[in-house]
Amino acid sequence: MPALKPATRAQLMGVSTATLCTALFKRGLRHQFIQDVRPLRADLPNMVGEAYTLRYMPAREDLNSIEVFKNREHPQRKAVEECPSGAVFVIDSRKDARAASAGNILVTRLMKRGVAGIVTDGGFRDSPEMARLPFPVYHQRPAAPTNLTVHQAIDINVPIGCGDAPVFPGDVVVGDAEGVVVIPAHLADEVAAEAVEMTAFEDFVQERVLAGQSILGLYPPTDEANRVAFDAWRKAHGR
Amino acid sequence: MPALKPATRAQLMGVSTATLCTALFKRGLRHQFIQDVRPLRADLPNMVGEAYTLRYMPAREDLNSIEVFKNREHPQRKAVEECPSGAVFVIDSRKDARAASAGNILVTRLMKRGVAGIVTDGGFRDSPEMARLPFPVYHQRPAAPTNLTVHQAIDINVPIGCGDAPVFPGDVVVGDAEGVVVIPAHLADEVAAEAVEMTAFEDFVQERVLAGQSILGLYPPTDEANRVAFDAWRKAHGR
Amino acid sequence: MPALKPATRAQLMGVSTATLCTALFKRGLRHQFIQDVRPLRADLPNMVGEAYTLRYMPAREDLNSIEVFKNREHPQRKAVEECPSGAVFVIDSRKDARAASAGNILVTRLMKRGVAGIVTDGGFRDSPEMARLPFPVYHQRPAAPTNLTVHQAIDINVPIGCGDAPVFPGDVVVGDAEGVVVIPAHLADEVAAEAVEMTAFEDFVQERVLAGQSILGLYPPTDEANRVAFDAWRKAHGR
Amino acid sequence: MPALKPATRAQLMGVSTATLCTALFKRGLRHQFIQDVRPLRADLPNMVGEAYTLRYMPAREDLNSIEVFKNREHPQRKAVEECPSGAVFVIDSRKDARAASAGNILVTRLMKRGVAGIVTDGGFRDSPEMARLPFPVYHQRPAAPTNLTVHQAIDINVPIGCGDAPVFPGDVVVGDAEGVVVIPAHLADEVAAEAVEMTAFEDFVQERVLAGQSILGLYPPTDEANRVAFDAWRKAHGR
Amino acid sequence: MPALKPATRAQLMGVSTATLCTALFKRGLRHQFIQDVRPLRADLPNMVGEAYTLRYMPAREDLNSIEVFKNREHPQRKAVEECPSGAVFVIDSRKDARAASAGNILVTRLMKRGVAGIVTDGGFRDSPEMARLPFPVYHQRPAAPTNLTVHQAIDINVPIGCGDAPVFPGDVVVGDAEGVVVIPAHLADEVAAEAVEMTAFEDFVQERVLAGQSILGLYPPTDEANRVAFDAWRKAHGR
Amino acid sequence: MPALKPATRAQLMGVSTATLCTALFKRGLRHQFIQDVRPLRADLPNMVGEAYTLRYMPAREDLNSIEVFKNREHPQRKAVEECPSGAVFVIDSRKDARAASAGNILVTRLMKRGVAGIVTDGGFRDSPEMARLPFPVYHQRPAAPTNLTVHQAIDINVPIGCGDAPVFPGDVVVGDAEGVVVIPAHLADEVAAEAVEMTAFEDFVQERVLAGQSILGLYPPTDEANRVAFDAWRKAHGR
């Protein structure tokens, strides 16, 4: 699995999850958007990083007393200390937000360790405090109960599902104010490059539409005149 | 189907969807509120206009490659260019928000064409950009994947369901910060007029309640004294 | 059932629902968080009070015309006038948000009467206006239709379910920006006291984590050094 | 509340829930069919009786140990011994089938006491054994866990919701192989009589349709010839 | 759109929906199985025919009194009299089984008219009687309330969704005891032919597995020996 | 992890999942019943065996063409050939029945290999054929599409969730006509023994109830007379 190149990361900081989904759709990938998660705050730069995963299973009561966290090898705590800087921490919570996937202290620790962001298809607790961190956090909805109530952390950095999307360790995860998309590792470079191109074109189109032009022949640019205009626009804008 | 009168439109700009729902309830109509949609921004004036509809069906993969939009007759694109100024564009997305109903460029085009607003019971993509437009947009939740992923536009301006509400072309659609209600075309004038009356009364009641009065005998005004007070209030406030 | 002591109320004003859920979890109570409700505004102090309940059943059309509110004994209106000052008004709406549990006038009346807040596992109407009141309101999502559309108020101050949590009249209800938790009446004092202790410790931990310390040995404090440091921190901060 | 007359009961033994729903629909009642319940066996005569209700709320763990059943006043056990002969036992389980509403022993006891049948919008345990009893039982799906796992019996013979239908004690409950319908007590006689009439007509229509006749003009009988034929058919069949 | 050839129909009578789904999957079609419907009886031959569709929208109360069926042009009744012999009648009920899609009389009429079967993604009423007809009927679950309660028939023979599958008029619909699959019209011949081949191979494999052979190298037949054995088996069985 | 003793297996063949759930409830385990699965046939002896698990994640299209099964190391095929005789094959399908978890050929192979039964919280394809095998099969509902449509087999014999129950390899899985329960391995012997005792008592109670006795004082046996009678009954019946 190739490491995420700095240039690719930089490109992904400047494109939207919507554009990335279209680039993936063109490659036959229709399920890479994590369904039904949202950011705690909408004013942060994109979240970009390689997926580092944590898998939860349903909690069995006798194995999940509050004492379990005294074990330094508990997978949830271990994962928080081992997740690489620059990675995105992705949790498979089986779409169950009745109890938390994690709370503010662990998320703050991830932030301090240089992790790029965190995603669960369940919910986080301490979400009001978490929303004040300059750190990208995505979940389904707030969930005050401790994770032990319904979740047991069981596996670190294995392939998982998150919000019905397949996530393999090392996949490139991108989040914006709309949501989170998962790019298969081997496609990251080409998808990022294509998304940059698409973004330039969509910026041009949006400018034209705001100026009053019809979308017919423009989006997509079936009219030659629009393709010519776009070429001129790119030159003029250095894109 | 009668056209929406300017006076009725003006009245509907000043009443809430909650009040309109009550007026419809009194007429035996219980399902006119579009369920589970919300505005992208809560600081706009009411959205009011006649319904212009677009129906989606589940996408069949071989009919929904990215190339389909090159066809100028594609119903989604055609509808965006043909929706009348002043109308509300309502999409039946079968309550499925796994993929977008539309994105920012099409919505911007509708805004530029003078359309009054847009509603889907699915989701929109580019929702962060869309939320910056001075244009009423209602959906279930953000959805970055292109509509082709799960939707195929199939019919323009036919009767549809949207969020479990029946919507006929020409029905009068009203949205506020709470949600969207659909008024059958033939009832628009009388319902608007009644809602204006109800709003005056509710403003009076709210003022009284803020002043410390009990709701018993006041809301509804079974006490004669309250009816008298309301008459005086209306005169004093010119309503 | 013991009354809520002022000192306990004061303690509960300063702790989070997340911390309270953990204290309840330690006592074997896993279902006290009201699922899938959220505050209309996130900038208010905690909501704390004893539960006063209203139970809704599905509406039968012939019993729920708009005229029913002329009856001063209608349970919804009666409850609004009888709910004690300082209590939290909790509605069992069977998790059904297709129609409102109540609207702005009734909620304003509760606020004026000194009630501490209101919760439904359904939805409220007039939610935009309600969100401007300095009053804690929690629901699932906005619902413009009048409650008569799907709900009939049937019982006052009986044990209910709200968002899958059991609520007995007199239980102590606490809400923050994350959600709402229900503390059994007989546990309120001890849970509040424990939560204050836990909050001090978590504030200490958060400070350390922000300073770069690992969570291992700190959270929970299995390292003696961290327990010593916490003791010092408490003295220094007077907590 | 009038008692169910033997003649009415007899009529209701011979009509279907579908026909009863139509008679109720004509009277403006659209929500009297209990949604998403099914009979354990499809080969029994209709279940007919007045509703006797039991209300469950979510279980709080400390109040629901296995020991609670030692209390002879436990509402579930009390209700089973007090439900009148000829009544239908209806349980509000909040549509939650994760744990049982009751098991085979209690249901057998109800059968022995002459109760007419039992309905829950949750699930029953011991359902394979129960399915061998000559006794009408309706639920959502089997549920082996004891009711204490998620349910606490809290109220006997109060108005409840069951499968989204309103059920008042004394309402007349009818079940067939399709499901269960709730007839408001004061309408039982007239609805039963009308249903008998409708059944005769539908039997006539079905005979005609099986003989090859078109439904146009026949169902409903807008053609005079069909009304004449029906009159003759009734005389011939003594109905 | 090509008509369904008798030879293709005959082939489709002898293959399973599971095998057809695999043949469609190989062609990139992943959503042709109608989700969450089941047959009323499991002992009938396959249902095979071209789709003839009926579209329902949410019912508006003032347009859906019981009187509407007196109109011979009512789309539901018209469709029942016009659906071609040999076709499958497919109803888009928006997956809503709270009220019926149709009842026994209409279904009997379809049977008498030579229609091949009926499918809804909602529910049928009179389902116990319907289950005694020698006629393929597929639905989600029984629903006694008349369709007018939540449905209004609005369009005949347009493209629809049914159980999340896209259905175009003329598509070839096949049902067995497992469920219903929709084959795009232009693929019917080749998919039927391929399914016949696959069925022969799977019958061979099943025989071998019952005889104790491992699936490795056999299913799929990556071992040459198994391919040779299959050729011999085909000759021996004349398939 | 202790192996399942033959004597324990024999005991578990004679008790119900309902009784086992109660024995687990007494030990604080409330989530061991696999929710929303049902047997394909209700006339088989109990299914009893140690859990052998397979985990599915969401399918990524480029990794799940029909060709993948040519790989003898594909986890689904490998698991089928490696599952021990006497074990129960349990699949985590994330409660998604839109596509199959497996089909008839693989299930037949498991049967031939001496496996005790199979459970998925998704669906099986070829379910009509599978229902004719003398082999216990439990699923949510039939699903004709190949598993590759939405599932990718990713892990063998790891801890999983199945129908919201935690399942560890080696746990003892018991199925009857009602559903499936998961007994933690270390509790199997004591739970089996207790369930045998409870079954004897419940058989005695059922006999008494059928003879007309009240449940009060009998179930539970708070009356000394009933305890004496039970002792006599046990002696008389040799249990």
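When the chains are written out, they are named A, B, C, D, E and F in that same order, and each has its own residue count from 1.
Throughout what follows, a contact is a pair of C-beta atoms (placed from the backbone, for glycine too) under 8 Å apart; a residue touches a chain by one contact, two chains touch by 3 or more.
Please read all numbers here as calculations on a predicted model, not as lab measurements.
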Considering only mean CA positions as chain centres, point out the chain farthest from chain D.
-> A
Averaging each chain's C-alpha atoms to get its centre, pick out the one most distant from chain F.
-> B
Fraction-based call for chain E against chain B, same above half, different below = same
Separation of chain A from chain B, taking each centre as the mean of its C-alpha atoms, in whole Å = 32
Can you check how far apart chain A and chain D are, centre to centre, with Cα atoms defining each centre and the answer in Å?
-> 49
Roughly how far is chain A from chain E, going centre to centre by Cα mean, in whole Å?
-> 39
Considering chain B alone, which of its residues make contact with at least two other chains?
-> 30
All chain pairs satisfying the touch rule are A-B, A-C, A-F, B-C, B-E, C-D, D-E, D-F, E-F
Contacting residues of chain C [partner chain D, same complex] | 27-32, 57-62, 94, 152, 154-155, 158-161, 164-166, 168, 184
Interface with chain B, chain C side, in the complex: residues 66, 69-70, 72, 77, 80-81, 98, 100, 103-106, 108-109, 112, 125-128, 141-146, 148-149
In their shared complex, at which residues does chain A touch chain B?
-> 16-18, 20-22, 25-26, 30, 33, 35-36, 38, 42, 176-179, 181, 202, 205-206, 209-210, 212, 214-217, 219-220, 222
